[in-house]
Every structure is written in structure tokens, then in C-alpha cells.
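Presented sequentially are two complexes of subunit A, the first with subunit B as partner and the second with subunit C.
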Partner chain A sequence: MKVLIPSALRSYTGQAWVEAGGTVLSEVLADLDRQFPGIRFRMIDEQGAIRRHIRFFHGEQMVKTLAHPLDPEGQLLIVQALSGG
Partner chain B sequence: MTDQELLRYSRHILLPEIDIEGQQAILDSRVLVLGAGGLGSPAAMYLAAAGVGTIVLCDGDIVDLTNLQRQILHVEESVGVAKVISGARSLTQLNPHVKVESLGVRLEGSALEEQVASADVVLDCSDNFATRHAVNRACVRYRKPLVSGAAIRFDGQLAVFDARRADSPCYHCLFPEGEDVEEVRCAVMGVFAPLTGIIGTSQAAEALKLVGGFGEAAVGRLLLLDGLAMEWRSIRLARDPDCAVCGGER
Partner chain C sequence: MNSQTPADSHVALLVATRKGAWLYHADPARSSWRVDGPHFLGHIINHLVLDPRDGRTLLAAASTGHLGPTLFRSTDFGKSWAEATRPPAFGPATNGLPGRSVKQTFWLTPGPAGEPGVWYAGTSPQGLFRSEDGGMSWSPFSVINDDPQYREWMGTEQDGTPDGPKLHSIIVDPRDPAHLYIAMSGGGVHESLDGGRSFAPLVEGMEVVEGFDPNSIAFHDPHCIRLCPAKPDRLYQQNHCGIYRLDRPATRWQRIGRGMPAEVGDIGFPMVVHPRDPDSAWVFPMDGTQVWPRTSPGGRPAVYATRDGGESWQRQDHGLPAGQAWWTVKRQAMCADGEAEVGLYFGTTSGELWASRDEGRSWDCIARHLPEIYAVEAATLP
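Up next is the complex of A and B:
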């Protein structure tokens, strides 16, 4: 599926949109980490929880768990909270 | 409305969605702008030009030379001056009929709550998550619409949270408060000057719609701007029934 990477993490991918495989969020993140080592830890903490400044959206829905099913034909949007003003 | 006001705001009044009633509501409104920096500058300038009755401008910083690349409320001779003083001066020059209340502090606690409670709309133009969460809590508590903007590098975000509406999420529903949150600052990461203008101006637009009672504010949506590609993306947001801030409030 197509995954939109927030700009703060594009140092890993070098581009905004990347392809990653998987049918649930954890699989897609694992594939991203295989391609771009270290990127998963920036989104998922040591306890396996989604970091609070990172949100995942898929099919008009916020994805709140790693087990959330994803449509491989759809898009995964990764959004990072911004505080700059 | 006086003849002078009818003339001054005639381009608004000509719009049937606004008309005299909408403009009068703008003139009667009180808007709280938290932050007189990159976002607060254009936001406050449009609010003043459009005739918002009272603008409460809050910022504890002084003008620095590095601010001038984007913080268009401030001019070079204001370097070293409190941002709220510099800002009030610019806003008064723009529209002397607008009352500007300057608070040269970082609003916290009861002072923040007092200002939120007395405002019709709150604009979060701040530069840190602690303020964003404190403002959100106060807006939920006093059921005030919050127009939230953020910008860094080439990325902008805009969202409206309206605690008067049962279906509206709050900022905490979207980004829960936490100690592990990565704070990224313009001073470290940089920010594209016009991006703050686009987001701040959009915040002013949403605020004017809310106080003027026209259009549809972007409640329950997160708008993402990629300034490099100049692409907007809109994401629907749902209220979190388990939200620690608004979950039990409505």
C-alpha cells in the first residue's frame, strides 16, 4: 500500500510516499522498518504503543491499534503532531 | 454601525453570507490570540482588518531579529520590544477602531481560563505542546471554539475544535498529552515564511466564520498542508469517547 511519511521522518525514506506491504498496521510498520531501518521506533515505543505525537489514518479512520486491519489497496497516512507557531 | 463602518467593511457586507448582521457580529466579538509569532501575526492582522471588536494578544516573548523573516506584525525597529507591544502597535495602525488588549506573559492556570472564558473564539498560535494542551482543556471546560494552527519546515496543520458541538473532537482526542512527545521548534528545524502566513490566515478565516455565523468551520477535520508540493489534505477526525479531556464533559 502507499504510505505517506511525515516530513520529520523523511530523512529515513528520502521521499513523501513509499510502498509497504501488510494487512494490519504492525505488518506495514515492520515492512517499513525493513526498508528503512529505525523508522518504526520513531512511531512505536519500547512497550509497543503508538507514540502520542504520531497518528495513523486509513480509509477516513484513525488507526489506534497495531492489529488494525488495513486494505492493501488503500493508503496509510502517518501524521506527526506539530507545535511550531 | 456608523456610515464610516459601513464604508470600511462594505466588501464584507456585500457578501450575502456575511451581510450587515455578520459584520456586526464580527464587530461585537472578542477573540483571544495565543502567540504573536509566525501564525499569530497574520491571524491577528486579518482579524483586526476585518473589524473584530476586541483582540486579546498574548505572548511572553520579545521581538528577535530572527523573527522578522515571517512574523509580519513586527518591524526591525521593534527588535528587543515585547511582541505584544509591537503587535498592538501594528494592529492599531491597521485599524484604530479595534481594541487590542496586550498580555505580555505566557498565559497559564486561572489567567488562561479567565481569558478563554471571556472570549468568543480562541486561536492557538503557540509554539509548544504544553500550551496547546492547556488551551484545549480550557476551551473544553468553557465550551469555546478553538482554532488550532501549527507550522514547521514546509508543513502546516489546521483544525477547529468546537466544544459546543457534541460530535466535535478536542485537540487531546487527536494528539493525547504525553511526556514522550517530540517537540520540534522553528528555531531548530526552520520554517518557510509564507507557510506561517497561509496557516495563520486560515486560522483568521475560520475564526471570522465562527464569530460571524457564516459558512462551515473545519470542525472535525485536520487539514495538512505540504508547502513543498502545495497540496492540502483533509482528514476526518472523530471524537474519542475515552478522551481524558472531553470524554466526560459533554
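Up next is the complex of A and C:
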């Protein structure tokens, strides 16, 4: 599926949109990490939790767990959510 | 000037801030400085350290507001950077304790001369990590990170500083790579004699906040520990509750801050030692009264120096603002170089970088308008 990479992570991908395979969020993130080593750890901590200021959206829904199913024909939007200085 | 550095080398300052890192390169007289930066603009850089074993490798502890923590490594003085392949990360939950995730790597210490490629890192939440490949991949020290007793002493995030509790002041005895010291911003000073397979508290003589029990390791709050290179049995400590010295093999810290002026006190964050004279050290006092402003007492910044191992202290403020300067200098943000007449440097949370070429007797501002300064390290570059 097409994945939109936030600006803070484009140092890994070099571009905004990339392709990654998988039917649940964890699989797509694993494929991203295979292509762009290190990118997953910046979004998911070592206990498997989505980091505090990272949000995933799919089909206009927020994806809150790694086991959340994804439609391979859809898009995954990764967003950096941070306010303040 | 009778410099200690080779004629073709120079002093550089490695400045880590909340919004990136900068390098300041000195001319031979250390009177003018060439700026190189920003590096990692917008990244939170907690520590930027040169490997003294090869004189060329830099490690930067980095994170951003959005993303998880990582480390970057340069082998060309910052011209290019490579990200760690396995940054410090805790193991899975074990011993019935909740799993933790590293929010930031806070402290970096190069290993001893005989162990090239070895580095140590301290994190928040408090954890100890080691790399054996020059900082590219890191493994946790389970004896500290997952030990029920140590976890109790570490407390939780609510027990730490506003930015979280930090494991810091990782020191390797230059005579014995198996002899380590560590300190925890909540949880005391600890020593290992077996390369980190076991640790034991080293807090005797250290005071704690009034009303609390000094026998409880959890209440001890060391801010910065330094080992004297010229006398490795001597340690100095700036603590939440005073300035201390410990001469091994003794195990009882002596509070040497009692000689500080009462109106200034002996509270602060950084501790700086002389590269060759174990009787000389410097502190940057802060206001530790009432609600703990942690700013220069009275709004009049000063460094205090001892030349007799802490028996007496002398105020050094020539060139610093005479008033209305409410500075905070964090525990990693003050250091010394190795020149014949030692240079001292500190950075403020208000983004000013100050230097003394004469061991603190006079001071000049060499940069201002930087982001909040977290760490300043002096290095000798070719």
C-alpha cells in the first residue's frame, strides 16, 4: 500500500510517499523497516507501544494498535502530532 | 602560550542543545572561535562527545519531539553522520517489573584506552547501556536495568527531574576497565569492580533532603561526579545536597562545600576537575532555596574554584554580568580543556556560551542566541 511519511522521517525514505506491504499495521511497519532500517524504532518503542506523538490513519480512521487490519488497496498516513515549542 | 596540545591541533567545543548541535573551533590563542553548525537542527541533542582514543569519532545522543531516541556517529568531525543500527533500548518486561522504553540517551562515556570501540550510555528512564562497536549497536546492562532492587532505587518518572530521571556520570577508572562508577539523578552513586556484572551503592556521607532517611538509596540525588585524571582515586561530586570529595579506598564522601559563602550555598549541577591538578576543581552554584529556582544566586552568576581540594573556595566572576542574570547551567554544560593554562567553558539554558582562558579568573561570552544548552564538551581536534 501507499504510505505517507511525515517530514520528520523523510531522512530515512527520501520521499513523502513509499510502498510497503502487509495486512496489519505491524507488518507494514516491518516492511518499512526492512526497506529503511531504523525507521520503525522512531515510531514504535521497544515494548511495542506507538510513541506518544506518532499517529497512524487508514481509511479516515485512527489506527491505535499494531494488530489493526489494513486494506492493501488503501493508504496509510503517518502523522507527527506535537504542539508547543 | 605553552599549549598541551600538539602544534597542529586545536580546542573545539561540542555544544549540545534542545534544538541541535554546534561545534566551536578555537584559534591557537583560544581568543576567537569559528562556528560549525547547526547540526541536526530541531533535534534534541543531549550529549555530543569526541572519542579521545582516535580523536575523530563523534557520538551524538539525539531525539526529536515526535520520534523515538537514536544516536548518530561521525568519523569526520561532523561532515557526515550515520545513525546507530541498534540504539539503546530496554529489554522486555522481566522479574515481574513493568517494561520500559528509553525516552532519551542522556550521557555518553567513551570506554578505556585498551578497549577501542567500547562506549557506555546512560538514559532516561534510568538505564545503563554498552556498545562494543563504536556506538553503532547497544546492549542493556540487565544487572542495573532489570534488577528489582535497583528499579526500586531508581523510582519512577515521577521521582525525577522535570525532564525525567537520568543515569549519568558514567566513569571508567583509567587504570582498570572493570572498575566503573555510575550515578542516578534519583538513586545514588554506585560502583562496580567486575566490569558491570555487579554494582554496589557508594553513598556513605552523602546528605539527603531534610526529613528523609540517608540510609535509603532512593533519596540520594547526585548531580555530577568527576574523577581526577591525575589522581584516579579522587572523585568530586556536585549533589542536590552539597559538594563532596571522596578519596578512595575510603568509602565516605566528605562534604567540602561547607566552605562556600552562606549566601551562595553549595548547590549546583556541574562539577569540573583540573586535568592535571587533583586539588583544583570548579562549580557553578545555583539557588537551591525555597522552591529551588536553580538560577544563579541573587541573579549574579559566578564560578567558584578550589585550589586545595575543597578546603576553601574563591569566587570567579570577572567578565560575567554583575546582576540581573538568572542563569541555569546544567550538569553536562560546564567543562575544562587540557591546555597548559586550563580553559573553562559553560553554556546556559538561555543559550549563551562563555569561556575563560585563564582557569576562571576572567570570562568572555563567545556565543549567544543559541537554543537551551544541555551539554558542553571540550575536545582536542587535529
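Rule of thumb we're sticking to: the second predicted complex is superposed on the first by the 82 of 85 C-alpha atoms of A that agree within 3 Å, B and C clash if a C-alpha of one lies under 4 Å from a C-alpha of the other, contacts with A are read in each partner's own complex, and residues count from 1 in each chain.
The rule is simple: contacts are C-beta pairs under 8 Å (C-beta built on N, C-alpha and C of every residue); 3 or more make two chains touch, one makes a residue touch a chain.
Every value quoted in this text rests on a predicted model; they were computed, and no experiment measured them.
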Just subunit B (first), just subunit C (second), both, or neither: which does A:Leu77 touch? first
If you stack the two complexes on chain A, which partner ends up touching A:Met62: first (subunit B), second (subunit C), both, or neither? first
Identify the partner contact of A:Ala8: answer first if only subunit B is touched, second if only subunit C is, both if each is, neither if none is. both
Once the structures are superposed on A, label A:Ala16 by its partner contacts, choosing first (subunit B), second (subunit C), both or neither. first
Look at A:Asp45 in the shared chain and tell me whether it touches subunit B only, subunit C only, both, or neither; answer first, second, both or neither. both
Considering only the contact definition stated at the top, list the common interface residues of subunit A for subunit B and subunit C. 6, 8, 45, 51, 53, 80-82
Counting only contacts in the complex, subunit C reaches subunit A at residues 64-68, 70, 83-85, 87, 89-93, 99-102
Contacting residues of subunit B [partner subunit A, same complex]: 35, 37-40, 124-129, 132, 149-157, 174-178, 180-186, 189, 191, 196, 222, 224, 226, 229, 233, 235-238
Subunit A contacts subunit C in the complex at 6, 8-9, 37-38, 41-47, 49, 51, 53-54, 80-82
Where on subunit A is subunit B touching in the complex? 6-8, 16, 45, 51-53, 55, 57, 60-62, 77, 79-85
